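Two complexes, one shared chain (subunit A), two partners (subunit B, subunit C).
Here is the complex of A and B:
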């Protein structure tokens, strides 16, 4: 586990250092002293978001025993995003910044938990979760959350500025006007959540087995599932609260990492986390480069790029699953 | 023999893993090449040096940029918004808009003031935090009414260190608007609507600077709702305006014709559509609360008070022609 963690951190550090060299000022190379703190901040925030979504994806896929599970597809991201927006709606500007940030995190977590509970309950049948039903229910929860989100925007268009960019928040992106309190609180939630998930990672190997087999190995599978789901929801909600729902990172990264390090969750979790962090840092760097090319008037939200990458990947996975099931018949 | 996954339906053979690893390397190499090409094509121009001395301004509001240039203080502008398309601003770096702010560019440029356009109490807290760190004064403009435009000119003059130029400009605009008001004072007031988007269904209502300009130009807004509204076809027909002012800045002829046809058909369907005129106004400044508000008022006045000759007017509606 420690060796995987060290290796993954090293790979991420190399990629992140490369991303620090790419900026919106048009110059490629190590930035000057005045720009460096802002460049590092944006790379770290992007990495934090990617890492959290990928780690949550690993846990959802293991616990739900579904290769298509991902915070975005399960409706967790849209639920967290919706409640986070509601917090903005009701939050009093008189509140201190740390309380505002904490309230936003709490609301996002409630939204994530509510969505995952609905998806989990509606797709369970005789204590078994149907993989396709799970995704269908996730799609419906996403659609309902998305509609409520748009309804709030139409009713309160002034939230476009309050959220630090309504459109960016809707499709998922790195916000440029986050407070330090928001950033630190999200980092703390992700850090603590990740440590819990790392401690559970050995048992997560067993979670992928049937209940009988897991209990035979002495693992209290129900408790493990609830702790895993709740912690993964906290981790994903805490970043969705500051970025909006960035799609497919939690789907793509665990699968790519599984191909590289295998299926042992103790190695998979650090690898997917590092890959998620690197992927989003690179996506953000690309969006910064694109904004310099006069192709776009404003910076492209990274959610658009991850969607372009993740959509075809999702279809590939579906096709692969279908081919395998046909081959097994 | 294929190795099965521990993860439910997900299964990959050793061959798959080999292919995937090779694909990963190919993807990585390809993205590095693409990235390098993109990086080579980057605009390497450094931000313009501040020529404005102690008063340097970054404007995230195109209308404010226009006001600053209009008063002759463009040498104080060091950065503009992503949506500024005036040819005079092409040399200036773009530092953001109402959605995103490029703090690293701002850290490099270090203007003394930054102009924003957030609603009251709606400025993101993180914005103020970063602006304070960089010691940039945040100036939040309000440009809802015509009086706000006059007030903003004063504020902009102050942050540019050019108060005399601001006073002169505000006086000049006020004089021209008052002259238009006096000229049309004897004319009957014309019931009009102000269409503000290409959809044709978005209208400027009361409590907007466009409504103020319409009033000064001798018109009365058929929309009684406050601010900006979007109506369906039925709602648009119920307004029964005498003049429809299509404010379509910079739109091409095809778009203008489409919106014009739409409004002509709405007017034709109305019971008292006789004499309803549809007037497209495509000047780039026409719906901007900037230095050309007096020109906009002049265009409104000319469109409202044309002699009514439906048979010879190309924009007359079918009903009007009958």
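Here is the complex of A and C:
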């Protein structure tokens, strides 16, 4: 585990250093002293988001025993979007000043956690949660959140025309209105959460088996599901709060890492984390370059890019694995 | 006494599955659990492991089940369910390694001893050459050996096997029988297997326990339990016994003529 952690960190550091050299000015090269801190900050934030989503994706896929699981499956993104839309709408901010002061990020974080809590509550029976029930309830809660979102959206057509910084959130992109404090807070949540997940990573190998086998191998499977899913949800919620729902990183990175380091979760978790960090740093750098082209004229949210690139890429991956498994038969 | 369970009662909701079952297992013994579908064999195994809460008393190695942590129990008892759920692309070595889970430290860090045991078991079961192959590429018999290997990697004193021979052909059944006998004789492991195969059980087990509708209806050496009248009643099928010249092996077959 230590070896893969070190290797993965090294790979990320190289990629991140490369990304620091790419700016929105069109010039590629090591940035000047006045730009450097800002450039490093944006690369680090992008890496943090990618790392958190990929790590949460690994844990979700293992515990839910489903290769299609991503960190948004249990309601994190739809809850965050819904509540941040409410905040953005100003409906709430008009009510009281403290709410407005709490900021869109706090609202999104609470929305994400509340949504996951509802999913847990609805799918637990006798304090136990089963993967299949969780997935079904997650899909339902996501759908309800989405419908509410659309309902509010269509009731208030002025939202689109108003546009602006906060709107990036709804698409999934790194916010420009982040405070240093919010970034540190998110980083702390992700850091602590990641250590907890790493501590569980051995048991995650067993979680992919059947319930009886896992128990037979000494794992308290129900406790593992609670701790693992809750921690992974907090980790992804804390970055969704600062970036909105950036798609595909949490789904693709675990799969891609599995091709590189195999299926042992103890190696997979660090590898996927570093890959997610590197991938989102690169995607963000690309979106910086694209944004300065005269064609777009506006900041391209990185969420649009990951969706556009991630979708076809995932299909490719799927075809390749299928061809390989057919070849094996 | 490795296992001593008394007066176990268990019900799924309102449907009683086990009533007043008592069962014992000693070190170095092969004990086969027989009975028709739904007689409670698999349930009994999971109850004995503390996976399903039942009333009655269960003692492993002289300690009540409530006093064991899952991790400790996993170092003493290996369990193989009817259909193990492995990721088909997992390599054999990885499947075997998960058997060391009850010994891992935090972060799943392995000790040299963990790797040593995996290699030792792989050698013992003739799996050394397959270690790097995905489990899905192995034949059914080989896969079953890998799963039994995963149990042995736990270094257990007892093995609970749920119908381990179901998908095996004759040769692999015989191999499995030999393996169970050598484990019990040479390593002193107590083996408790649930089985549908009366004759296989009769040839490999030291003692048979027959379950019928959640109750133990017979408990004794094969010659006493494999008895046509008793089995006809339990399975609801007329049975006949094979008469061999040596007369030593109790074999039965369903009487299709009557």
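As a convention for this text, the second predicted complex is superposed on the first by the 227 of 329 C-alpha atoms of A that agree within 3 Å, B and C clash if a C-alpha of one lies under 4 Å from a C-alpha of the other, contacts with A are read in each partner's own complex, and residues count from 1 in each chain.
Here is the rule we use: contacts are C-beta pairs under 8 Å (C-beta built on N, C-alpha and C of every residue); 3 or more make two chains touch, one makes a residue touch a chain.
These figures come from a predicted structure and were not determined experimentally.
Contact with subunit C, but none with subunit B, is seen for A:198 once the two complexes are overlaid on the shared chain. When subunit B and subunit C are set side by side, the one touching more residues of subunit A is B. Of the two partner chains placed around the shared chain by superposition, subunit B and subunit C are both touched by A:263.
In the superposed pair of complexes, A:1 makes contact with subunit C only, with no contact to subunit B. Contact with subunit C, but none with subunit B, is seen for A:218 once the two complexes are overlaid on the shared chain. In the superposed model, A:209 makes contact with both subunit B and subunit C.
Contacts of A:273 after superposition: neither subunit B nor subunit C is touched. Counting contacts as defined above, subunit A residues 205, 208-209, 263 meet subunit B in one complex and subunit C in the other.
Remark: subunit A residues 1, 198-199, 201-203, 205-206, 208-210, 212-213, 215-220, 262-266, 328 touch subunit C in the complex.
Remark: subunit B residues 5-12, 16-17, 20-21, 24, 31, 35, 38-39, 41-47, 82-83, 96-105, 107-108, 110, 118-119, 121-127, 129-130 touch subunit A in the complex.
Within the complex formed with subunit B, the subunit A residues making contact are 22-28, 31-32, 34-35, 37-39, 42, 61-62, 64-67, 93, 97, 100, 131, 158, 160-168, 175-180, 182, 205, 208-209, 255-256, 258-260, 263, 282, 285-286, 289-290, 292-294, 297-299, 321, 324-325.
Every residue of subunit C that touches subunit A in the complex is listed here, in rising order: 46, 49, 51, 69-75, 77-81, 83-87, 89-91, 94, 97-99, 101-102, 104, 106-109, 134, 136-137, 154.
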